[in-house]
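One structure is given below, encoded as structure tokens.
Per-chain numbering from 1; labels A, B and C assigned in written order.
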Amino acid sequence: MQRTLYILLRNPMSMLGLLLVFIVVFSAIFADFIAPFPEHRGAVVDFANFNRAPEWPYIFGTDLVGRDIFSRIIYAFRISLMLGAVVLAIAVPIGVTIGLLAGYLGGWTEYFLMRLTDVFLSIPPLVLAMSIMGVLEPTLTNGMLAVTAMWWPWYTRLVYNITRSEKEEGYVLAAEVIGASRLHVMFREILPNCVPSILTKMTLDLGFVILIASSLSFLGLGVQPPTPDLGSMVAEGATYLPDSWWLTVFPGLAILVAVFGFNLVGDALREVLGTDQ
Amino acid sequence: MSAPTLRIKDLRLGFQGWSGTVEVLHGISMHIRKGERVALVGESGSGKSVTARIVLGLLQQLRSARVSGLVEFEGRDLEKLKARERSRLRGTAMSMIFQDPTSSLNPVYTIGVQFHEVLRRRHPDIRMPQAREMAIKALQDVAIPDPARALDSYSFQLSGGMNQRVMIAMALANEPSLLLADEPGTALDVTVQAQTLKLMRDLVEEHHTSVLFISHNLGVVREFADRVYVIYKGRIVEHGPAEGLFEDPRHPYTQALMRAVPRLTGGGIPEIDDVSQDYFAPLVVHEGCGEPEAVS
Amino acid sequence: MSPVLRLLAKRLVTSIIVLIGVSMLIFTIARVIPGDPARIALGPNATAEQVQNLRERLHLNEPLPVQYGHFIADLSRGDLGVSLYTNRPVTRDIAQFLPATLELILVAGLMMILIGLPLGALAARYRDTWADSLIRVVSLLGVSAPAFVWAVILMLLFAYFLPIFPIAGRISNAFSIPAVTGFLLVDTLIAGNFRAFGSALSHIILPAFALALSGIGQAARLTRSNMVETYDRPYIEMARSYGFPERRIARRYAFRPSMIPSMTIIGLDFAAMLGNAFLVEAVFAWPGLSRYGVAVILRKDLNAIVGTVLCIAALFLIVNIIVDLVTAYLNPRIRHSQRA
């Protein structure tokens, strides 16, 4: 653990990533204290100040009803991270369990579960999420549901591949010989060997969830106004290009910065933990 | 007397790390005369493999490597050569065979294609049909049945022993003056290894090729080499003729190595002390051996 | 039967099974919704009777498996139903919009391969130098933003601030080209109209590049890491020991074996572009299937949703099959294996 931290801190790129992630997480948690206009996260209108270019105190400018974009971006981070955390908290256990079952039990279970996984995997992720969202009311909860539904298969694939190769290893055969239950072998023997890969993927996924969620809301299928969301902010501003460029550029850059940070950290983790995809 | 094929004098190698330089070779000296077969024997980590790569000039491409000392090939100081001239020697005047024959051959190209590439080193304009002819002859020399079919195969389709012979054929195809053999046959079955080595010995005798044979296995070396250098932790500790060294190992480390060779005549697998101060005893040279001075 | 054909056959069978699964999934999702699609389609002013009639016609009152049965029956006749959005057969809608999206994806895919792969190879060859670091950072940036962010940035930079490229659409309105393949780049050449070709080309570059950036980044990163691994392999050392020039090693010896593990992911990326095309088509007003798809999803147009998703899933599977075939071509071990 110490060695991990040491290596992470030596590499300039991973330090940058940690910094970016820290900024995002910090502002999300302490949004109420950092945002200059905390009330702007809601349905506030201030037509006197609407559509202003970036200048003090609106450092990223204001949107079409006068809300400070900087403040809204910070609150949008909070929403995105929450979404990511919830999605992963549900999708990962489901995906990992299915992967373990399919990889270890084999036979018809394996065939059925993996074909099921294939079905979900063969619809491009965004399309699947969109279809689900399209038939449900576009709310934050439903957005989380849709993204979760498309997320678990990736963990299934990952864990399935590892399980299949670990199945033949000595420690597994040893446990079986002593009479350990199949549940025990799966969760107490094989699973710990999957943990580094799972953790790396989860870090990278936090960034990807932000990416996918913002894509969904860009299309109008995610979070609804007045809740601030990076994707919908870009969508709103897109029609006012190029004049009110700050409406789209800053939320867009915010997405880029956040995801970039998570990717840097995930990459560094991958090098350190020596996992391959 | 003409210059020896290879002359190494006081070769030192270190790797530059964050916490300073790690010394791997502490000033070794060796020579190989024309047509001689010389073995460099030691355990893993002794520095024997890096020595071969220094001769080829491959190791120096690593940025952290610090090499000093004299490496002379047929009278020419290799370190003074320009990179292009040095690389021209590879594959033509000196060639190398490796430990694991199957993974040393490119898995996505046929043997024939790879042989053609090798032959092009000596004959840059050679076309496929002539290259094929030459390759078939070379493969016949290493006793490969149905050489034409072997040429059209991939390395994973041939057995380890066959791949080893293919490698030997490739290495000798351009008539090099020096063959570097890095633990050849180690990845093979013992009987296959013995056959292959015998084949190799006959071939290099025929072509008067000098050989630097690197190994950790004294038994194998005895069959093959004329002279032996024993290396321990980056220092040559004993140097003598093959038979002489075996009959009369004088350095404590050599003696320990000899004891480690499992014998058929009972006694089981002997113990060898991992590290002993005795192993750092100074160099022992048998009579009649010794490093030649510079031929200027 | 040659191993490659056997592979192909197995893939086709699996794909069909998966496609059936997809159809069931989408069908179920599309039908199990709150709200009444008939009412939505007819609008708030329709009478209860009209709604009922429509529901009868769309079989909406029957049990789900029966509805699915009707669906399969229709599908086998090539009938995907009528879109409540365009009031045309869904098949016709797809035929009209699909080529635009396909063209976009193909150009983006080409960019991904022609830019991403060489970049990765360069980064691997000059490993740990400034060139390598630069390429790695740029690649990571590429994958770190959704396609619509890149679309917006590219549009701002190269269509507004530096007006090099046009802002929207597939081709300038000045041209009217008879549709042969539906691919403007091809049709303009068939019509012999080079200025129209130029116009179509300049219209497609920005959206394709925005779409491709993520794939380029991914391809570059993957190629780099695979080639770095390959460079450590014994056969590369052997090649160097024979004095093969470094450039030759990079191009011939190291490249092909590296591509094999990359292929699957590259195929996945290519297919992911199918999904991301939505985002780019929205920004650049590209009249493709994705824009159609978004519209029908927002309107809960069941037939169109099912038809579009099936179409996209089928494309996805086809791409995967092609990727498998290319991998088999690259990897002799697959071609010569005794068991597929």
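By our rule, contacts are C-beta pairs under 8 Å (C-beta built on N, C-alpha and C of every residue); 3 or more make two chains touch, one makes a residue touch a chain.
Given the structure is predicted, the values throughout are model-derived calculations rather than measurements.
Asker: Specify the contact topology among the chains shown, as one of line, ring, star, complete or other.
Answerer: Here the contact pattern is a line, an open path with two ends.
Asker: Among all other chains, pick the one whose mean CA position is farthest from the mean CA position of chain A.
Answerer: So the chain farthest away from chain A turns out to be B.
Asker: Please tell me the distance, in whole Å, between the geometric centres of chain A and chain B computed from their C-alpha atoms.
Answerer: 53
Asker: From the mean C-alpha coordinate of chain A to that of chain C, what's the distance rounded to whole Å?
Answerer: Here chain A and chain C have centroids separated by 22 Å.
Asker: Give the list of chain A residues in touch with chain C in this complex.
Answerer: Per the touch definition, chain A meets chain C at residues 13, 115-116, 118-120, 122-127, 130-137, 207, 211-212, 214-215, 218-221, 231, 234-235, 238, 241-242, 245, 248-249, 252-253, 255-256, 259-260, 263-264, 267, 277.
Asker: Chain B touches which residues of chain C in the complex?
Answerer: Checking each residue of chain C against chain B gives 233-235, 237-245, 253, 256-257, 260, 330-333, 336.
Asker: Over in the complex, which chain C residues touch chain A? Could you list them?
Answerer: So the residues of chain C in touch with chain A come to 14, 17-19, 21-22, 25-26, 29-30, 32-34, 136-137, 140-141, 143-149, 152-153, 155-156, 160-161, 265, 271-272, 274-276, 278-279, 282-283, 293-294, 297-298, 300, 305, 309, 312-313, 316-317, 320.
Asker: Over in the complex, which chain B residues touch chain C? Could you list them?
Answerer: These residues of chain B touch chain C: 56, 58, 87-92, 95-96, 98-100, 103-109, 117-118, 121, 154, 156-157, 167.
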